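A, B, C, D, E and F are the chain letters, set down in written order, and residue numbers restart from 1 in every chain.
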Amino acid sequence: MTVKEKISQLRDLGAATVYEAQGAKGALDHGMKPIDPTVRMAGPALTVDARPADNLILHHAVLKAKPGDILVVDAKGFMEAGPWGDVLTIQAMKLGIAGLVVNGCVRDANLIIGLGFPVFCRGLSIKGTGKNQPGKVNVPITIGDVVIRPGDIVVGDRDGLVVVAQEEVDSAIASSLAREEKEMQQRKAIEAGTSNTAELLNLTETLKRFGLV
Amino acid sequence: MTVKEKISQLRDLGAATVYEAQGAKGALDHGMKPIDPTVRMAGPALTVDARPADNLILHHAVLKAKPGDILVVDAKGFMEAGPWGDVLTIQAMKLGIAGLVVNGCVRDANLIIGLGFPVFCRGLSIKGTGKNQPGKVNVPITIGDVVIRPGDIVVGDRDGLVVVAQEEVDSAIASSLAREEKEMQQRKAIEAGTSNTAELLNLTETLKRFGLV
Amino acid sequence: MTVKEKISQLRDLGAATVYEAQGAKGALDHGMKPIDPTVRMAGPALTVDARPADNLILHHAVLKAKPGDILVVDAKGFMEAGPWGDVLTIQAMKLGIAGLVVNGCVRDANLIIGLGFPVFCRGLSIKGTGKNQPGKVNVPITIGDVVIRPGDIVVGDRDGLVVVAQEEVDSAIASSLAREEKEMQQRKAIEAGTSNTAELLNLTETLKRFGLV
Amino acid sequence: MTVKEKISQLRDLGAATVYEAQGAKGALDHGMKPIDPTVRMAGPALTVDARPADNLILHHAVLKAKPGDILVVDAKGFMEAGPWGDVLTIQAMKLGIAGLVVNGCVRDANLIIGLGFPVFCRGLSIKGTGKNQPGKVNVPITIGDVVIRPGDIVVGDRDGLVVVAQEEVDSAIASSLAREEKEMQQRKAIEAGTSNTAELLNLTETLKRFGLV
Amino acid sequence: MTVKEKISQLRDLGAATVYEAQGAKGALDHGMKPIDPTVRMAGPALTVDARPADNLILHHAVLKAKPGDILVVDAKGFMEAGPWGDVLTIQAMKLGIAGLVVNGCVRDANLIIGLGFPVFCRGLSIKGTGKNQPGKVNVPITIGDVVIRPGDIVVGDRDGLVVVAQEEVDSAIASSLAREEKEMQQRKAIEAGTSNTAELLNLTETLKRFGLV
Amino acid sequence: MTVKEKISQLRDLGAATVYEAQGAKGALDHGMKPIDPTVRMAGPALTVDARPADNLILHHAVLKAKPGDILVVDAKGFMEAGPWGDVLTIQAMKLGIAGLVVNGCVRDANLIIGLGFPVFCRGLSIKGTGKNQPGKVNVPITIGDVVIRPGDIVVGDRDGLVVVAQEEVDSAIASSLAREEKEMQQRKAIEAGTSNTAELLNLTETLKRFGLV
């Protein structure tokens, strides 16, 4: 399986499944969500350490990206600025960038959604950003209590975002598929009425200990 | 009119109308909203007092539910865990549960919306939950400054949620219908241009007292 | 160009473009958003200084509005009341009011969206409002750190809201059109691959100063 | 023991101890705190259901209070108004009121602290309140997910507030004293080095189950 | 009375009294508070429009100040940076600056409090600020829904901050003194037991209208 | 210099100085503050990955600590539980633990402050915690976007908290001392009036570029 196929598979598996399958780690906080809830996205992170309300470093980072990359920007959670908009979206799509994650806001949401470019962020703000501050590209950053290193795979959908360490992609896919297979069996048993979730998840002993069975 | 018909009627009347009609009480806070804004839901509450970031008691509660019940879960407002997902949704639908209210988050939103299962909560989080903590089923709980007792009727739509005390269902329906009838007359008068809201709501005296007329 | 045409043009240009074009000013905070993200709206403000959880003054203000006006209401950001609902919407549409901005919540969202009446606010709440408190109409108000005077033009879409001073409408349109033309050229150059955003925005010198080129 | 002595004992035991001793219930949310962290307070609740940003009903409630009562006011959590200040404090102290709890803000904090009048609230706001809205006195109210009925005993200190049901005062005192005695023994054992918290609280089995011992 | 004496008088009257006396206007939101609650401060505003997480313009503004000025800085409410610290405090005190208001955070709080320099802000953050962004000095700014123009008088104490328009200083003092005198009479009547707050504030009619008397 | 002396020196230098001196990194977010603002604390981290509203793992961790250690607990930012109180404080002091950092709340604040035990957290909550959930000790954790590894040095005071990597302690001290020396010279120059902050920090060129000089 090529790297591209693996990334595609992670995207299809989805954030919640991959998160659980890799050992309940790597999920960004609940405030990071897609501006279009129907998008699905996966790709290696090109990380950006930005300053709040400034997008100079974004203009630099976009040109460093390889096709398929996802820009992952720590804009420090500042909500009253939209450091990403239509022109950067067009530039990013031209270069084959696969999506954007911003710890902060974006603007021009109608156009971005219309173009089908996946964007995950905390909200929308039209307020302007300067082009005066330095930043760093391809350094480890932290968003939502998750450390994201350059090249880590970012998976996003309506539920939110999860990060898979580059060296754990194969095991994450394997355990995600195993988890999907297991859940498929569970769903069949539930729908057939032959078992229920408490039994399927072996919760009886714990329920007994609390006097609930 | 059967209980089922009454519940159906409350669902059609909608949360805002029922809230006003029963005397401006029973509305949960504005943060509790449907993950699919187009759903409408009504049913008797099966209440669950849960611990944050743990869904053991949910697996227990689901099996206690009767068809048509709505699970109403106080997960203490914790936003960084999604104690409800796809498997529990399938189990709940298999058992005829009519919907879910969680003071907290859920995950697997795409699948839940696809299945048409009504879920009201504070947000989406893929972060994991344990299965280690006790809880209580069918005890009074409090969400958003509203006490919800087992069997109270929960009504939800895009506007949010309202709770109708079991013993006040008939009067709530009656006054909701009266309110709808009255508003229908008001709308007709407004659309015909024969009267306006200030007149229809008898606000002239109050406006005068403040020097506004 | 008539005033009506100018307003229509501002609506089509959109909040983000107008904000930038008029010098990065006039944008309301990121929490003020349309309840239907697809709407676009523009019109002169009929300002209302209201008290939290009370809509007496709204009933007064609605009758003062001229066709095309947008009611801009400072309800003090209180989230646990919905001072605007279906009856006021019908009244407003009957009178030709073009939209509503509320620093607070509204209710009856399904009906309002169905009627196509543009509403921008902080959220949805079904909780009731009294009709007991005074207020002021057509006085300067402040929402989201922006002063809004009666007659200022309010422009709103998915990105949020921007306010254009009455006396700056012509210059805002002119600079917005110039900005659109310029961005069109930039997009063409980007799509043709003849230039990139860093070059088009003359960022090279600044990037050099920070050692990024 | 007189009622007065019981209340005095609850105040000395403190909010955290009483909360745990009565079965981990009755604690208001963490946002409700004393404006002077050194105060300690206890007394029966005279409940007030107020509207946000209005203190008409407070002026009514104060005159209904008996010496030793604590005014417990649901002002709906609105932060941009201070419905209680110096004059009401003087009136309350004149009448022997023992303290104030407000789901909202107060003002004149320097004077209130100087007079030694215990006030628990969410913050300080000098913004004005009207005297135009109705309210209710001595009805059950809900603050921080806790239902407070008239006559329930409110206990407050630096840690926050806990409510004891009127009919459970004796058992709450008894179990609080038992808890204090037990903790005293634990502290002695800890300080003597003869035992540690894990042993004293019988946590070994649970720790073993998780592989921690 | 000299300007200096007037300012001193406003400081002694305090934020809450001045706010009410000038017609319930000019109060900043409840989140703006002194880092040392015992300070009292008043003086003309030297306004600063800053960018979040950058203090270049503060270094410029400090040198523009006249003795007695209060620096009033809109740092856009960003909480994860402390653009003011010990060195700027020493510089400000050397120049006779009377205090600081920041819509944001500061650091070096122990030293600032030790020096007795009044600082009002939203919190404490040690996180660094750049010195790369432009800003404006002595332009109207908006904090907490209040417009502050250069030269407006800022009054602050434990309750928070209020702004008095330069041209309304005399009337604000006069009405504050009148209000203090009136409240003094009210307190006397309350303490003597000859009247109560409801009577003194003429609330009987309103209370009757709501059936409360 | 012994390790103990180094830690003592970092405590005296304080969080803000150490943060800046080590390159503007390692500062926890502004919400993490001491419950007694006058304390100062430094020591190596014994990290704890806990579940919200459960303190089983804390009872385990405390017994793993060496004298001088600081317990650094990620309780997931949950505010409605106080997993640390008086008994654990006594146990911790008996064992020579130097302080506590909790991403969450604590209770028994009066007693903890009285004993002089340094505690940094997000707030106070008396709400109970279970003893049912697993956790991890001495694993890397993340609080406020900062990764904390076992043995990293935590420095805290009124301004907040900063983390120094174990291997960078010497360089952090050296650069902090250099920074203090430099600031001392700057203060002297400022107080003598021989220079000002803009000159001392070489800001003239940047100010000129923005037309501010």
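Everything below uses one rule, namely that contacts are C-beta pairs under 8 Å (C-beta built on N, C-alpha and C of every residue); 3 or more make two chains touch, one makes a residue touch a chain.
These numbers come from a predicted model, not from an experiment.
Shared contact partners of chain B and chain D are C, F.
Listing every chain that touches chain A and chain E alike gives C, F. Think of it this way: of A-F, A-E or C-D, only one pair shares over half of the B-D contact pairs by residue number, and it is A-F.
Copies chain D and chain F of the same chain sequence form an interface built mainly from non-equivalent positions, shared numbers / all numbers used being under half.
Chain geometry summary: the mean Cα position of chain C and that of chain E are 30 Å apart.
Taking each chain's centre as the average of its CA atoms, chain C and chain F sit 43 Å apart.
Touching two or more other chains at once are residues 80, 132, 134 of chain C.
If touching chains are joined by edges, the resulting network of the protein chains shown has some other shape, matching none of path, cycle, star or complete graph. Chain pairs that touch one another, listed by label: A-B, A-C, A-E, A-F, B-C, B-D, B-F, C-D, C-E, D-E, D-F, E-F. For chain B in complex with chain D, the residues that touch the partner chain are 74, 142-143, 145-147. Put simply, chain A touches chain E in their complex at residues 51-54, 76-78, 80-81, 130, 132-134. On the chain E side of its complex with chain F, the touching residues are 56-57, 59-60, 62-63, 79-80, 82, 85-88, 90-91, 94, 105, 107-110, 123-128, 131-132, 134-135. Contact residues on chain A toward chain B in their complex (touch as defined above): 14-16, 19-20, 24, 27, 29-31, 33, 37, 157-160, 162, 183, 186-187, 190-191, 193, 196-198, 200-201, 203, 206-207, 210, 212-213.
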